[in-house]
Amino acid sequence: RHSETDKVDQIGIVTGLAWTQVGGEILTIESLTMPGKGNIRQTGKLGDVMKESVSAAFSYVKSRMDVWGIDPKLLETTDIHVHLPEGAVPKDGPSAGAALTTSLVSALARIPIRHDIAMTGEVTLRGRVLEIGGLKEKLLAALRAGIKTVLIPEMNVKDLAEIPENVKEGLEIIPVHHMDDVLSVALTEAPKALPGAHIVGTKGKKETPKGLSRSFRH
Amino acid sequence: RHSETDKVDQIGIVTGLAWTQVGGEILTIESLTMPGKGNIRQTGKLGDVMKESVSAAFSYVKSRMDVWGIDPKLLETTDIHVHLPEGAVPKDGPSAGAALTTSLVSALARIPIRHDIAMTGEVTLRGRVLEIGGLKEKLLAALRAGIKTVLIPEMNVKDLAEIPENVKEGLEIIPVHHMDDVLSVALTEAPKALPGAHIVGTKGKKETPKGLSRSFRH
Amino acid sequence: RHSETDKVDQIGIVTGLAWTQVGGEILTIESLTMPGKGNIRQTGKLGDVMKESVSAAFSYVKSRMDVWGIDPKLLETTDIHVHLPEGAVPKDGPSAGAALTTSLVSALARIPIRHDIAMTGEVTLRGRVLEIGGLKEKLLAALRAGIKTVLIPEMNVKDLAEIPENVKEGLEIIPVHHMDDVLSVALTEAPKALPGAHIVGTKGKKETPKGLSRSFRH
Amino acid sequence: RHSETDKVDQIGIVTGLAWTQVGGEILTIESLTMPGKGNIRQTGKLGDVMKESVSAAFSYVKSRMDVWGIDPKLLETTDIHVHLPEGAVPKDGPSAGAALTTSLVSALARIPIRHDIAMTGEVTLRGRVLEIGGLKEKLLAALRAGIKTVLIPEMNVKDLAEIPENVKEGLEIIPVHHMDDVLSVALTEAPKALPGAHIVGTKGKKETPKGLSRSFRH
Amino acid sequence: RHSETDKVDQIGIVTGLAWTQVGGEILTIESLTMPGKGNIRQTGKLGDVMKESVSAAFSYVKSRMDVWGIDPKLLETTDIHVHLPEGAVPKDGPSAGAALTTSLVSALARIPIRHDIAMTGEVTLRGRVLEIGGLKEKLLAALRAGIKTVLIPEMNVKDLAEIPENVKEGLEIIPVHHMDDVLSVALTEAPKALPGAHIVGTKGKKETPKGLSRSFRH
Amino acid sequence: RHSETDKVDQIGIVTGLAWTQVGGEILTIESLTMPGKGNIRQTGKLGDVMKESVSAAFSYVKSRMDVWGIDPKLLETTDIHVHLPEGAVPKDGPSAGAALTTSLVSALARIPIRHDIAMTGEVTLRGRVLEIGGLKEKLLAALRAGIKTVLIPEMNVKDLAEIPENVKEGLEIIPVHHMDDVLSVALTEAPKALPGAHIVGTKGKKETPKGLSRSFRH
């Protein structure tokens, strides 16, 4: 009973990785915009921690919309809905933060997400990607599902020693430190910052949006 | 104690299929519009997962109203109520998604739904129809209730092997991949897209609303 | 400890029939309008299913106000309160739907309800009256309370075989299919449809409000 | 530990009668108006049934404000707070309805309530006073507290046979059928109806406010 | 682990007295105004009964603002926050009513409260001070904390017989009947009533604000 | 599994100290502003007491914005989100008050916080820093995490006697009495008060903002 995303790059749809008692699993996340007033709805039997991840991801995105070329007035007339299909399966934990954030940015900036990547990582309000658990199970699930590239938190590089060789050979594993790194890999096009956009970066001062100058893969 | 829908095509009323511990059952779903402000109400002793299905269906419908010829300003002055009769019987699960979505589109676009069809399938925020459980019990219930045509998720075609021959002979079983497929069978008339309407389709780019060009049965 | 309605036809007050572990009972339902903004309040220790019946009844009434001659702007300046006296006694179940709907229509259209009738029946969002349980106990309670006429769902006619002869002789039992049937019996005057009112009837198309052309009893 | 109301007639303060496992008790009820927007607050450790009594009393009062000479625009700029002192003692049940209604009318119409009376009785949305339990214990409590006059529901007259003679001699016991009867005894002055005020009375048609023409005692 | 208020008279800060299973304790209460819309927030692990005390105190204060010289429009642009420090310690009961009310009046009228007094007493919506429990434990706690003056409900004077002599000698104990008595002792300056202010006093008619003409101590 | 803050001074990010059953731990707190209407959101699996600490900190900050040079109209167009990373770990208690307040002031005044300090202390609505528990465990955790300077409540100075010498030598321990002390150490620049700003200080009268005139370290 897999939801198996269509094999095309889509706006707002991204593959996360979950870790359950019976092993790892891929987790489809979809965000959709519609006429509204800046509210967010979330469905898919999410637990409290994952609901808070959505809330934190939404705040992070709202604080940096200009950097991703999103009209700051968009949320005055738009609602957004985040749904995780297979609505009867409970889902929880903070490690979907990077995938949730990517899904929201994609939906609001109207840029598709690569369908052949998956990602795992908690995210802070500044976009810092934090360590997660269950790396091995998650990578196995990604391999099984035909994923080509997996983004993992830089803090989990230490765990790669315990990952079987065939898994590491079958997947491109990219450690990421910040959402800038995630988006530069996951989005199929680089967002174009609005004129005058500035990043209130991790160092507390204006900086050139370096994440955006990296070469984008697609 | 059946609610037995009247034997006519009606706006907003559709037959779903439920799977309970004591077998399959048909499930009437009705949506009704009234003066309001874009709110949705839901009644009929729905469990949390089914309530989330209604919410996701409503978001999907709001994101594509122009494609179905629904005035985008309609929800500024209209509320919608989704009710599942036999209000004392608890109902839950995600597999009513396709029926809920069909009911909402019908009520808002004012196009009746074929009374002789039933359907089952979870739906994503993009209208993708996902696998469900209890296919055999649901088809038996449809046959018993005099249904002629049943829409099932394409992902469940693999389960048709275990369905008794007499059931497969007594029903027209149509696998569906997307809500476009569902609506082209279930609605008695093709919706007329508003001028300039575009589908933000499953491939993340504009496309001709192909679902709407299919021949409609009625 | 009976609340015993006064023996006069009143606006907004109707007699329902309940079925409890210790037999049937009559159930007074009262609706009252007051200055407000279209909100509904409900009191009387109602269970969740009965609260949903009130909500569904209110939606049904809001969708057809013009047919009953109710100014469509009335709810912009009016709240409505539904109360079931004997406030310490828990009440639940869907079978008060017909009585709740009758009470709301009466209160908004300012037409009294016959005090010598009682009714039982679940109601759909289109006004279809559905089967209920405990018919025998309910009819006995009506007889005990001095009721003359009882409206029951057409779907329960099959149960009349098990009803004692003296009960069937002591009561006028009227099977009803739709709220149009209920209101044509229960209201003391026929509502006058607003000019241009149309019924979005059970067949999904405009129709002459036939229920209203029936002869009214009083 | 009694709250013992001051021995003067006050606006908004009335004595109810409660019936607990350890006997009857007097129950002070106070209502207070303040600048606001028509909201009602209720405090004093009230149970759900008593909270619903407050809500029903408030609706009844709002539907008849003109009859009591209360400016219909008052609630656009006024909030009302209902409090039952001895805030640590749980209070519940429907039988404070008459006292709650009297308190609200007094506070909004600015007419004091007799301090030497007490009352008990559930109230419907039309002001009908319904039967209560524990009459004997309540009358004993009133006598103990120095109350002169007790209003009881007409439906409880049948219970007076079991009341000890000394209680019936020590108290003036007045059976009441409707809130009109209660207010004509309890308020120290007759409210003056606004010009054009009409009572939507128990018979569903306009009537001269007869309750108000009775002689007022004070 | 005491919060020990600073030894100065402050606006909005008052010492209450609590009675717990392990004896009496002093209880700091602080109210703070900030830009807002007339809302009140309350924090400090308050139980339901104490939350209701805050709500009742706020209503009482709102109904008499002119008497204390508080601009009636102040709450259109001001929120107020009531906090009881030592946020991990659960606090409950109605006996903080007098202290809560004093704190609110002080914060809104901008008049400091004497830091060397403490008080205990439930309060009604009219400012009547009601009996409390645990008087002995509370007085001992006040003495231990270096308090000079304690306000107690007049209704508790009967309990002074059981209080040890050294406690009664170490404290000035002032019985109070009404919040007017409390404020005339606790505030460091007499509030100046607004022109035209009237007290809707305990007798239901206008009266000269006598509480305010008493000599203020400071 | 540490969240390890980046080793730079950042706006809105501060290190708190937690005390759990298995010892002390550092606790990252981050506040982020975004377009909004003055609402605050809080995430990170916070318990009720910590949620109240956020609420109290927010009120304190709102009451003194002018002193820190924050435009009083800022909150009409800004929301603020407080998040504590490691979202799956439950966090509770009042002792993060000082860190929460520092984080909010930093985010609203746009002044970075020193990354090499940590702090612990409950805070009152006037900014008074109150005693906390677990000092030893918290200091050990700070040392382990490479923190240079720890702010502790003045009330906890008495506990320093039990702290091992090596801990006291490895850390600069600064006792603080008031949030003014905390901010003058923790912020990398002194906030500039708005013209006309006044402190409604702990003594209930205007005073020169003395905390701000102290030398700032950075």
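Which chain is which? They are A, B, C, D, E and F, in the order written, and residues in each are numbered from 1.
Rule of thumb we're sticking to: a residue touches a chain if its C-beta (ideal position, glycine included) is under 8 Å from a C-beta of that chain, and two chains touch if they have at least 3 such contacts.
Remember, predicted model here, so these are calculated numbers, not experimental data.
K.L.:
Are the two sides of the chain C and chain D contact the same residues or different ones, given that same means over half of the numbers occur on both copies?
P.N.:
different
K.L.:
Greatest Cα-centroid separation from chain B: which chain?
P.N.:
For chain B, the chain whose C-alpha mean is farthest off is E.
K.L.:
Rounded to a multiple of 5, how large is the rotation, in degrees, that superposes the C-alpha trace of chain C on chain E?
P.N.:
Angle of the fitting rotation, chain C to chain E: 120 degrees.
K.L.:
Could you put a whole-Å number on the gap between the CA centroids of chain D and chain F?
P.N.:
Their C-alpha centroids are separated by 53 Å.
K.L.:
Roughly how far is chain A from chain B, going centre to centre by Cα mean, in whole Å?
P.N.:
30
K.L.:
Between chain C and chain F, what is the gap in Å from one C-alpha centre to the other?
P.N.:
From the centre of chain C to the centre of chain F is 61 Å.
K.L.:
Where in chain C do residues touch two or more other chains at once?
P.N.:
Not one residue in chain C touches at least two other chains.
K.L.:
Please list every chain around the ring, with chain E first and chain F second.
P.N.:
With chain E as the starting chain and chain F following, the sequence is E, F, A, B, C, D.
K.L.:
Touching chain F in the complex: which residues of chain E?
P.N.:
Interface residues on chain E, with respect to chain F: 1-4, 6, 8-13, 28, 30-36, 41, 43-45, 79, 81, 83, 85-88, 112.
K.L.:
Provide the residue numbers of chain A that touch chain F in the complex, in ascending order.
P.N.:
Residue list for chain A touching chain F: 48-49, 52-53, 55-56, 59-60, 62-63, 72, 75, 93-94, 97, 122, 124-126, 128, 130-131, 133, 155, 200, 202-205.
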